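In what comes next, chain A is part of two complexes: it sits with chain B in the first one and with chain C in the second one.
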Partner chain A sequence: MSNYTAPVRDMLFVMNELAGLDAVGTLPGYEEASADLAEAILEEAGRFAGEVIAPLNVIGDREGSRLIDGKVVPPTGFADAYRQFVDGGWGAVASEIDHGGQGLPQLLAKPVTEMWNSANLSFALCPMLTQGALEALEHHGSDELKAVYLSKLATGEWTGTMNLTEPQAGSDLAAVRTKAVPEGDHYRISGNKIFITWGEHDMTDNIVHLVLARLPDAPEGVKGISLFVVPKYLVNADGSLGLRNDVQCVSLEHKMGIHGSPTAVLAFGEKDGAIGYLVGEPNRGLEYMFTMMNHARLGVGLEGVAISERAYQQARDYARDRVQGKAIGQRAAGAIIKHPDVRRMLMLMKSQTEAMRALAYVTAAYMDQAARHPDPVQRAYYQARVDLLTPVVKGWSTETAQEVTSLGVQVHGGMGFIEETGAAQHMRDARIITIYEGTTGIQANDLLGRKTVREEGKTLQALIEEIRADVARVAELEGEAFRQIAAGLEEALRVLEATASHLIATAANDMPLAFSGAVPYLMQLGIVCGGWQMARAACIAKARLDAGDDVAFHQAKIVSAQFYATHVLPRAQAHAHAALHGGQATLALDESAF
Partner chain B sequence: MKILVPVKRVVDANVKIRVKSDGSGVETANLKLSMNPFDEIAVEEAVRLKEAGIASEVVAVSIGDTGCQETLRAAMAVGADAAIHVEADTATQPLAVAKLLQAIVAKEQPQLVICGKQAIDDDANQVGQMLAALLDWPQATFASRVQIAGGEATVTREIDGGLETLAMPLPAVISTDLRLNEPRYASLPNIMKAKKKPLATVSPAELDVDIAPRLKVVSVDEPSVRQAGKLVSDVAELVGMLRNEAKVI
Partner chain C sequence: MSNYTAPVRDMLFVMNELAGLDAVGTLPGYEEASADLAEAILEEAGRFAGEVIAPLNVIGDREGSRLIDGKVVPPTGFADAYRQFVDGGWGAVASEIDHGGQGLPQLLAKPVTEMWNSANLSFALCPMLTQGALEALEHHGSDELKAVYLSKLATGEWTGTMNLTEPQAGSDLAAVRTKAVPEGDHYRISGNKIFITWGEHDMTDNIVHLVLARLPDAPEGVKGISLFVVPKYLVNADGSLGLRNDVQCVSLEHKMGIHGSPTAVLAFGEKDGAIGYLVGEPNRGLEYMFTMMNHARLGVGLEGVAISERAYQQARDYARDRVQGKAIGQRAAGAIIKHPDVRRMLMLMKSQTEAMRALAYVTAAYMDQAARHPDPVQRAYYQARVDLLTPVVKGWSTETAQEVTSLGVQVHGGMGFIEETGAAQHMRDARIITIYEGTTGIQANDLLGRKTVREEGKTLQALIEEIRADVARVAELEGEAFRQIAAGLEEALRVLEATASHLIATAANDMPLAFSGAVPYLMQLGIVCGGWQMARAACIAKARLDAGDDVAFHQAKIVSAQFYATHVLPRAQAHAHAALHGGQATLALDESAF
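Here is the complex of A and B:
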């Protein structure tokens, strides 16, 4: 069993000092987003996450969601917690005010989302998918569809799902076969969808499925896929619920982790065809999906931050408590946190979690700027940043979460391998996040192809210049910590630049060779951006320390940044080496030799 | 009927407190501060009385530095209608607090004051009783059940070995015990609305109350560390140790 205490202090530090909450608060419509309000919201969300949602995490893992007579029964306590979640208005932090939301910026919504994810990843997936469905309808739905579904989804009164995957159509959605046949003002949908998160449950009166399907005359491939709304219960003209639609949950997957979240196989149109309504224009479904994919990918990156935080808190508490052996340099047996290697592991967990959080929130602030900045040039500038960093936050944070949750088990020693401690659950739960919403490989291809090679590294170069200016600022500060931070970042930047230009040049004449270095490049960029945020944090912490403000927190921040610079930043060089020199060996073997 | 609810900003119940190195008090710098848990119960009770149509307005009041405004916003986020912040940069002692509240009562004219039975920082358990005495109002302390009807409060209170039920005319002072209710979580819309609810500030001088401390803290110490136990081989040894070492028999 483990407790979760929302890291409100660090969250507020990142929001206020690194991500620029005050600047976001000057954007049109975000005037209410003050530091005071942020603190009040985070405090209460943290309480709710820690006291109501977190205790259900282990229950969800043990019980799982179960399919009984075609109905999905979520784990004990989930339905009640979900009702409280909706009553508390937590489903609608960033939703538009017109739809019953609070219209708050992403920079405020994302930390709150991090809390739900830390508390209980399985639970948090339900509102996350609802948010995705909401955004698809907000941006592309007709006024009629919006009138029926938006406010219900915005408040969480109904939940939403995303039906993309089919057995033959996983990462390659061009292979989608589900059919949609026009019939009057609606369509009849038939086909099978798999991996539908929270695809069926009884926590709410209705579920709004967003489904990718093909029209009869649709062209082959990605340009022939349309998006439909298929409600579990049809909605009458007066808003009341009508007939059960022809969509059934035929089974639930048995998974390695996130057992609380029901992963459904949905059969559409087993009888007469499920009634669905076209979203936007025909054959543009995939394009619509991609507009919200950025949000979803950042959201999954945030899951990496969240589960790392949870694993860290649990490992830290255990290490403080568990007495075992006499640590090197100690006279008596003591808590294992005294052992140098346990400290190294905890610092790896802590510093990387802080770095990931900082980059995720900074990216959320860029999203707010890209959406609301009055100057179109600035909007475009921030959008380019968001586009570049989204695959990094997703790929790097989720990959790093594998290391952090694994270290969490390691800190527990043998007890970590035993399910009772709960350390293993975080590791199992975390395993999916490098896979869904686009695998790490797909994120890296996006980063290298669309976001780097296609624009010849323009956005990346601007980012590198900005980081370099910050390095110069750190280098001016006195003390070994700042010297190490500046030196580590300087060297990592140098190899990052070399990697990027090498891959851009290679892509011009040998695409496979260039893309064999895509993941090393993504990891390198993530490590450097994380180091950049830690360096900025250290600079600010120094100024706060000089003013005598919250000494313990700011000192720890500088140590964390120093540790990151000496233990994590050097990994960028290893990734660079692989990207620069390792491509040939990656591709050399004949398939038969594997 | 208006209800006044005093709320105190204290070190959060989940924080492990430390005594200052000079023994002058408890370290509070940079610690998480929250509403005193007994006061949360008091706010909840007042809000429930309002929701039941018995009270018409709930006013929260807090005494201390500007941080108290955050605590007052928290009270308004769970349903208090308005708040009063009495600005005091130095720590206030129970008598001064009771006198300040007496002055606020004179201004606000509530029919009922519901306060926490004690604050978890100094555990004084004095303000409610002192306030009732200063106002010459009846009081019911350690309430585990409150009913208001016909200008009378019926209060069940937890006492040693059972429950005692008292009836008293309003206006009155009630102090809350742990089991009176379970405070709600603030909803996001209500946290946002709380920002716009009225919060007035007033100084002790304006209330004509002298808050200079009457009590002097001599020293504050950590509880002594528990000693390791000893295994004894027989009753004689045990009795011997109780007599000669522990000196309890």
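Here is the complex of A and C:
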């Protein structure tokens, strides 16, 4: 079994030095977001994550959520921990103040969210989905709906769900068949939804389902989908709970991981039709869902950071404790961390986790700037960055988490394969994150199509120029580490530009050919952006070191960046090669020849 | 649930065209190993694997082997299938004829073994371990021991186990503590062994445990370990079974995968001491174990091929059947195989599986040549090849299988995470193969230390020259595919030479620095050798195509090689970069800074 200690020092370094917490603190409404407040919140959240939520992670895996007589029973301890979570105000961290939230900037909320995910991914999914439902209502709900639901969701007193997928539809929402028939001020909803995370449980009095469905006269395809609120219990005019709505959990999925989180099949309207309320205008449901999905995608990218951190901590602790054999170059038997290859694996885990965290937090700060910057030109600039980087943070971080959690098992040797050790759970849990909220392929299509080709690489080019300027600063520093970092990034940027130009040009003539390189392009961009953040960190660490500040911490930052530049960054070139030269072979084979 | 259809056409192509079955058929004692015999055996084995063993794969995963009152109960159907396996003569395929085996060359036995592993890895482990025990006794046992045990193991009538690991020892066999005290013509063995695959079961009348233990006067460390036979039931002079020996299964591990295969903790000598018989000379146990382990390592590499093939078949079938969404460049919704990124994933699975299979079979043919070639110079030449490539086939194929089985899940989208689909099982099962029979790190140390540095790269250099000559042939062929394949390999070979030279030179001065690049070097060599075999396949396919022979099959071979050259081969450069330039950063961090 493993412990979790929130990496507060590392988080604060990224927030303060890389993501510009001070700049975020100058934005209207975020004036209180100081480094001191950040530290205080992170320390407190870290304690709660480590002491209350983390110990339930293994229990959740073993017991799973169970469906008993139509009711979902979460694993032992989850309901109590959730109550503490809400009572402690943790459900409200990022919610707007006027709905009872704390109104913190994303740059402060995201590190806290990372902690919940590290501590217990299954548990953390519940507030994550609640946040998604909250946002959809905040942005698109009527005042009446807001009055009934917002503050309950903002505090976490009620939880929320997102109901998109149907058995026949998968990622293709055009195929949604759930029906909504108008009846007075509400609608009667009927249909089946699958893969509904925390779709049913007894941890709160009510659950607020957000459901995609079709009105009787709706057009075919994605333009005929509307969004509805369907509460588990109807809410009376005085705010008290009324009748049980006609929505039932008919089964739970038996999954590879995140056993603690119930993944429900929900049946709406098996009796008279579930009562639902239209959110916003008819037939705009998909658009509304995407508002919230984009934010959720960044959240899932953060899950990649979080579970990588957890796997790293466990592998590191094991490698320090486990005495076995005489490592090459050592005179006596010692802990396996002395073996060069164990160090290599731990460095791969550590450096990539740091790179992912940095890019995720930097993107969170861009979100804050995009939302609150007084200058609309700046807001647009930052929004474009967020749009470009969201699929990268989601796709690259979740794919990288597959490697990191698998390395966590490998560091444990045979013990890693034994479930009691806990290393395997992180790998099993992580396996869903490249899939839900849009697979890596879907992220890559979004990145290449909407975020690159459509605007002919404009936002990307600006980003590349900014990275290039940062690399020039690194190149001025003395020492082998900085030489390797600068040289690696210069070459990687050159090839990234070439790849983007090639794919943009190809897309004009042959869309399938261009999009066969979408995932390699996404991975390339993610690796380069990660290297960029590592280079910035090394630069800052050098300045701190020169000032004699926290020597061990800042030296480690430089080593980590150097390792990333020599072990990880070269992979960007391999991805580029596939994107530049591999399309023909990808598409050449006749389907029958597979 | 998934089916398995043995890829007989592909296997025969590799055996005949790449691995030189005709040449193996000229070796003394292998005269009957013709292409026709190979096809007949593969068809028959494929039927048995597909119809009898494969359907038990899911059952094994769900039920697991269970320990009930000290007895291990395998999953439903396993015992019956094992009886059919033995009755059908499948246990005896590679065993020597004079022990009741069929005496087939490795080049014929290995494809059959691949089928068992594809069909059901948990099941296949039982004959695999039996084969290991058989080989140890064949090479090192006294005539008395051979008379009692060989034919029973050769037919599979009894099964065998390998008992190396102890709780405190892991991969470090110097720490073995199990004791062997002489008593007349036998020894009394006492101690605990863990991770014993098929260490207890009731599928056969007897189990033959091969056990590493120390004699009372044995020197410390690995030079004081002896090898013993410890049967579950003692064998009377007339060959009938006698008393139950003092070896008990005290528990089974709860593992991430291969649930069907019982992984036992065995207690030897809890009462009077288990009766055991010395194999060969005292204190040479480790040496004997390595004889059999090297062979077993190739076998585990083959497991990587096998489970990749199974995952590929399942993903391909799903991608053809699952209709969802309109792919880029398509006018209507269709099967997901039409999405460019799904094709990319399937091509990654297909081309890497083909590359791994080719290298494994070619190495098997080298084994046959090393064993039977009439010219001792040639035998030595081939043995050096086997020695060099065994850690590569083991390390590279098992690491690649992690990627391939994970891609198998990804192709399924959300359904891949649901256990009922079966895709997740392949990934969970595969997770052990980079660990057992020596982790990838251990393989890489063997490759770099004993097989490269010690002989200053002699065998490697000869291999590179042979590859270079083959590449020159590819370079003469016309067309973009051949241009890409030749260019990719030329560059990869140049960098491979540079990497090996660098590591050899580094090892002379700084062993930890050199060995921090061992795994990247292993992966690089594996990827290049795989690319070499793909290039050879493409060359031969071109000649067949020119002759108008089986057009679809041979065209697919060229596409697969082209895909590998553009998507996979560039990764070798990334590994090279880490091996050439990444050592300093790997070792720089203070242990306390992790």
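Just so we're on the same page, the second predicted complex is superposed on the first by the 594 of 594 C-alpha atoms of A that agree within 3 Å, B and C clash if a C-alpha of one lies under 4 Å from a C-alpha of the other, contacts with A are read in each partner's own complex, and residues count from 1 in each chain.
Here, contacts are C-beta pairs under 8 Å (C-beta built on N, C-alpha and C of every residue); 3 or more make two chains touch, one makes a residue touch a chain.
Worth saying up front: this structure is predicted, and the values here are computed from it rather than measured.
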{"item": "Which partner reaches more residues of chain A (counting touched residues only), chain B or chain C", "value": "C"}
{"item": "Partner chain in contact with A:Val222 - chain B first, chain C second, else both or neither", "value": "neither"}
{"item": "Which of chain B and chain C A:Gln402 touches, first, second, both or neither", "value": "second"}
{"item": "First, second, both or neither for A:Leu545, with chain B first and chain C second", "value": "neither"}
{"item": "Touched partner set for A:Glu32, first chain B, second chain C, both or neither", "value": "first"}
{"item": "Partner chain in contact with A:Leu67 - chain B first, chain C second, else both or neither", "value": "neither"}
{"item": "Touched partner set for A:Ala40, first chain B, second chain C, both or neither", "value": "first"}
{"item": "On chain A, positions contacted by chain B and by chain C", "value": "552-553"}
{"item": "Footprint of chain A on chain B - complex, ascending", "value": "14, 29-30, 32, 34, 70, 73-74, 77, 185-192, 194-195"}
{"item": "Chain A to chain B touching residues, read off their complex", "value": "5, 8-9, 32, 36-37, 39-41, 43-45, 47-48, 52, 84, 87-90, 92-93, 102, 550-553"}
{"item": "Contacting residues of chain C [partner chain A, same complex]", "value": "165, 169-172, 174-175, 195, 253-257, 316, 319-320, 322, 324-329, 333, 337-347, 350, 402, 406, 409-410, 413-420, 424, 427-428, 431-432, 434-436, 439-441, 444-445, 480-481, 484, 510-513, 515-516, 518-520, 552-553, 555-556, 559-560, 562-563, 565-567, 570-571, 573-574, 577-578, 581-582, 584-594"}
